[in-house]
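Both complexes below contain chain A, partnered by chain B and then by chain C.
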Partner chain A sequence: MRGDRSGNAMATTHTKSLARAMMAPAVIVLLIWMIVPLAMTLYFSTLNYTLYNPFSTPFVGFENYSYFLTDPTFLAALANTLVLVLGVLAITVGGGILIALLLDQDFYGVNIVRLLVIAPFFVMPTVAALVWKNMMMNPVYGVIGQLLQAVGLAPIDWMTEVPLLSIVIIVAWQWLPFATLILLTALQSLSMDQKEAAEMDGAKALSIFWYITLPHMSRAITVVILIQTIFLLSIYAEILVTTQGGPGSQSTNITYLVAQQATSYGDIGAASAGGIVAVILANIVAIFLVRLIGKNLDA
Partner chain B sequence: MGQIHLEKVRKTFGDVVIIPDLDLQIEDGEFVVFVGPSGCGKSTLLRLIAGLEDVTGGKIVIDGKDATTLPPAKRGLAMVFQSYALYPHMSVRKNIAFPLKMAGMDKAEIDRRVDYAAKTLNLDNYIDRRPGQLSGGQRQRVAIGRAIVREPKAFLFDEPLSNLDAALRVGMRLEISELHQRLKTTMVYVTHDQVEAMTMADKIVVLRAGNIEQVGSPLELYTAPRNTFVAGFIGSPKMNLLGGAEAAKYQAATMGVRPEHIRLSTTDGAWKGTVKVSEHLGSDTFLHVESPVHDEPLTVRAGGEFPVHAGDVVYLTPQEDKIHRFDDKGLAIKGNGRATG
Partner chain C sequence: MARNVSTGRKIGTTALAWFVGLVIFFPILWTFLTSFKTELQAISIPPVFVGFDWTLENYQTIQTQSNYFHFMANSIYLSLGSTALGLIVAVPAAWAMAFSPTKRTKDILLWMLSTKMLPAVGVLIPVYLMFIKFGLLDSRLGLIVVLFLINLPIIVWMLYTYFKEIPGEILEAARMDGASLRKEITQVLAPMAVPGIASTVLLNVILSWNEAFWTLNLTTSNAAPLTAFIASFSSPQGNFYAKLSAASMLAIAPILIVGWFSQKQLVRGLTFGAVK
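Our next item is the complex of A and B:
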């Protein structure tokens, strides 16, 4: 908080130091909240710390890091994470724009349709994933398999044949309502005058969308991408209840790989090192995103 | 070219009739102003001409061609919106170039026309700014620039000055008038401000509840209003409209006299009254006078200073040759020593 908004000329220095004192507890709690887990993770990442022998935790330096980073699964997990994030972003932003355009129209029952579209957001990740795995994508009795068979095609065993695509579809289904909702509100704030002016200027529907509507929504699209990226980097539950990262490591992302170190191999040291790597990667992505599209948020 | 003929144009929203059958001829090169109180249908009428609303019935003929069902872009008209409706993410240059780009014109020709428009409207220095960085008057000029580059058959203005402050409004009024002088293109202008109508128009169309009350030049409307509505609407301050015994003296149901057509005196005159409020503007003095001849205060204008204050007694004498007479339906009665309507 800078002190240049001196709306009240009286005792600005005084109010400033008072404000600082009042804010201090919250700031300190937040700091501890962040710093302590981070410091402990950093500390554990330098120890040979396994659940099989938790009483002997010798210092090993960067050994956990080299173990984690040279694991062939790591690169696969990194690629999977990128595919997962980018795939879900593409589907939710693209689909969200289309559905938002549809819901912006005035048609009979639009309110009920809007409610239905938003509904998936309220379903818990594990539940959503289980429903998709067992009721939609199961090759024998899943809805998709039945439909494929009805038109004479062979059913797909989604979880083994295209595990990563399956997870992308499930996660996209969960996040589509969020994107739609944000984009719809942006769409509804577009003034009618601008569309009419463009119409008078000779713009066809597609040109109006491209030159007027889409630029108007760019800020909302930025928000959707930023927020979703943060959550999509840490997808875990959907993988756990469907493919468990398999077959092999075909659907393992970084988050799942880190958790695997601890839960499957009992290696707290390697998991901590992986956690730190994930934090660094997330920060790289964040800086990249803010640089690339964050400028949309000013002005 | 820029003739617009409306034939029995009708507009209803559900059961609500906004514009009952309306006929109007707008000739090439005319500056026509639609004026009327809020909700009189003047903006709807403009939007019907623009093609932003569909007519319920009737025909819109532009340059001899039936344009009733043509989409807005095909009518060859350009519109300036009350909110300016500039594209906020585009620079001034791109805003003005947009209609040309949509028409698929080549880059060099677009640049030439945009530069010319920017120069005409004094926008050269702001050409790379975005609308958000401009003042109200500059935004207004960008909106006009976007309209003129298309070289349309006619310009449609929807209350373009109502978002500007008073001083700027006077300036822009002049600029639009000058633009009309120079381009000689048909302009249709909607406003609720009768001063704008009087100062800019070749032809004023006074509307009330979707009906045309009178069409004429500003001075025609001023000297010969067709009914009490036009009489009360055109002219500032409003005409004094008196009923009862005073009107009966002139064989009329209502008699009207404008504030500037009443002679003021502190010693003698036809009507005695008491000053309720006096407004001294320097160039003029407006008095609101309470008088037994009328239950509402009469407005009187005196040129220059007239040294009276609230509570003083004054005498008012209407100029006989400037009196307007109306029958019991509110329509003007011709004759009795004055030019008719």
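Our next item is the complex of A and C:
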């Protein structure tokens, strides 16, 4: 083996440097994209830097961080971010498992129903949010309000009475297809033999689900949770075009708060500190995802 | 007897599945129907489902009043431009990783993935300030570069998982037969790589088309794509449901169709090959 390799040494060295040259552009642009803006954000976060007085930017150390972290809006936004992420995850994973089980059955028109179910994933966030806000959730003309009235209930003014729940519903609608599609893919790789053997042994449908199907899907469920979390932490457009974070800060998440600090208040220093906080929060999630996918790469 | 039971069950499943499918699809269906109503019919109580006078008026208004095609053209430029740029950089990189892997290949791939997890707000401010400085704000070029950068890790990953499935022995066999490098690429490898590249293009076009953080924050009008165009409906004046619906349908229809054709690849691309 060793002899073989030295015999090919010339070719290998050549291939290796060619391979390196082929990878270089991708690695370099991503390295720049990651390091330069992040370093600048880190630097800005230590300055008293506002757009109203951009020429005097004195160093203030951790002041922006203590300002951002002790701002009651930050705590509200952190709580809202958690509710948003966990609420959407609960609906999409729970609903996704049920719908995947349903679509895995044999029925008429399975391909068309699949298309109907995955459609929301392709709807751009601004369209999804505005269609839900106006045509579904408007208290007077919205379809939900009219349905409620038809059965004698009072309509709800979704965007002002339950703003965060409204956004959870809109975002869950967008992500339910993703969860369903991935869980269905995992479900379809479950061998029939295993299920049939369990059925022969007289296992009930529920225990088959609990002891065979669910463990088989566990990996896909983990992937869904982690990938969705990354995207859900940075929900922005849905809030911007519906509640704009309000009323008050009832539907403001971290991403929206940081963007608002910069664009509405022109406070670059505080917004940068907030951006770094968001990066740290996302990294905690990312570590788990990278480990999980790294394991898969070995297999 | 047993057959009767299963047919009965199949009909029951069919009813339930169609009900669930239609409930999930309903907002899109409703938007589609409303886009052909007049503004008055769009807000009629009780709502009319299909028994209205279908009109194309809203679609005409959308183009004449708000220059819809300008935004549509921007969406096309941005999604195709960023995808093309992505392929130019990612195909060689993924190729090298799949065919001449080293000990560090896996680390590089994971590191690329981790850049995708950097929240956009963490880098928004410097990018925004740099865009102002270099006159890139509200320019197509600037946005193409940003969309290219945020999707590059996904493109590299997706291509890598496809390329890895091309058997390396085929290359050696071609070389043994004395194929030139050009022949090797055009006649042996390209045909095998095309399906993977096509799927990658589809997914990347979908992601770029629907991207709504950078496109909203870095454009105002000149380079604004459909995401920003639709966002302008968030402060309504008067009756606008039918026009909002027509604009929405125009914005989502192309990508919905592309998406329906690429649902299988989507799973693979979005899970970085972790679920196949």
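One rule holds in what follows: the second predicted complex is superposed on the first by the 257 of 299 C-alpha atoms of A that agree within 3 Å, B and C clash if a C-alpha of one lies under 4 Å from a C-alpha of the other, contacts with A are read in each partner's own complex, and residues count from 1 in each chain.
Methods note: a contact is a pair of C-beta atoms (placed from the backbone, for glycine too) under 8 Å apart; a residue touches a chain by one contact, two chains touch by 3 or more.
Bear in mind that the values here come from a model prediction, so they are computed numbers and not experimental data.
After superposition onto chain A, the partners chain B and chain C occupy separate space and fit alongside each other. After overlaying the two complexes on the shared chain, residue contacts for A:188 are found with neither chain B nor chain C.
When the two structures are aligned on the shared chain, A:146 is found in touch with chain C, with no touch to chain B. Applying the stated contact rule after C-alpha superposition, one finds that A:17 touches neither chain B nor chain C.
Touch criterion met: A:106 reaches chain C, while chain B stays clear of it.
Chain B and chain C, viewed from the C-alpha centre of chain A in the overlaid structures, lie at an angle of 80 degrees when rounded to the nearest 10.
When both complexes are overlaid on chain A, the residue A:290 reaches chain C alone and has no touch with chain B. By the touch criterion defined above, A:160 lies against neither chain B nor chain C after alignment on the C-alpha atoms of chain A. Judged by the number of chain A residues each one touches, C leads among chain B and chain C. Once both complexes are placed on a shared chain A, the shortest Cα to Cα gap between chain B and chain C comes to 6 Å.
In the superposition on the C-alpha atoms of chain A, no part of chain A is touched by chain B in one complex and by chain C in the other.
Contacts from chain A toward chain C in the complex involve residues 15-16, 18-20, 22-23, 25-27, 29-30, 33-34, 36-38, 40-41, 44, 99, 102-103, 105-110, 112-128, 130-132, 134-136, 141, 143, 146, 150, 173, 176-178, 181-182, 185-186, 189, 219-220, 223, 227, 230, 233-234, 236-237, 240-242, 254-255, 258-259, 262-263, 268, 271-272, 274-276, 278-279, 281-283, 285-286, 289-290, 292-294, 296-297. Contacts from chain C toward chain A in the complex involve residues 10-11, 13-14, 16-18, 20-22, 24-28, 30-31, 34, 42-43, 45-47, 89-90, 92-93, 95-97, 99-100, 102, 106, 108-110, 112-130, 149, 152-153, 156, 206, 209-210, 212-213, 216-217, 226-228, 230-231, 233-234, 236, 241, 244-245, 248, 251-252, 255-256, 258-260, 263, 266-267, 270-276.
Residues of chain B that touch chain A in their complex: 50, 52, 71-73, 77-79, 81-83, 85-90, 98-99, 102-103, 132, 146, 150.
Those residues of chain A that touch chain B in the complex are listed here as 191, 193-194, 196-204, 207, 211-212, 215-216, 218, 299.
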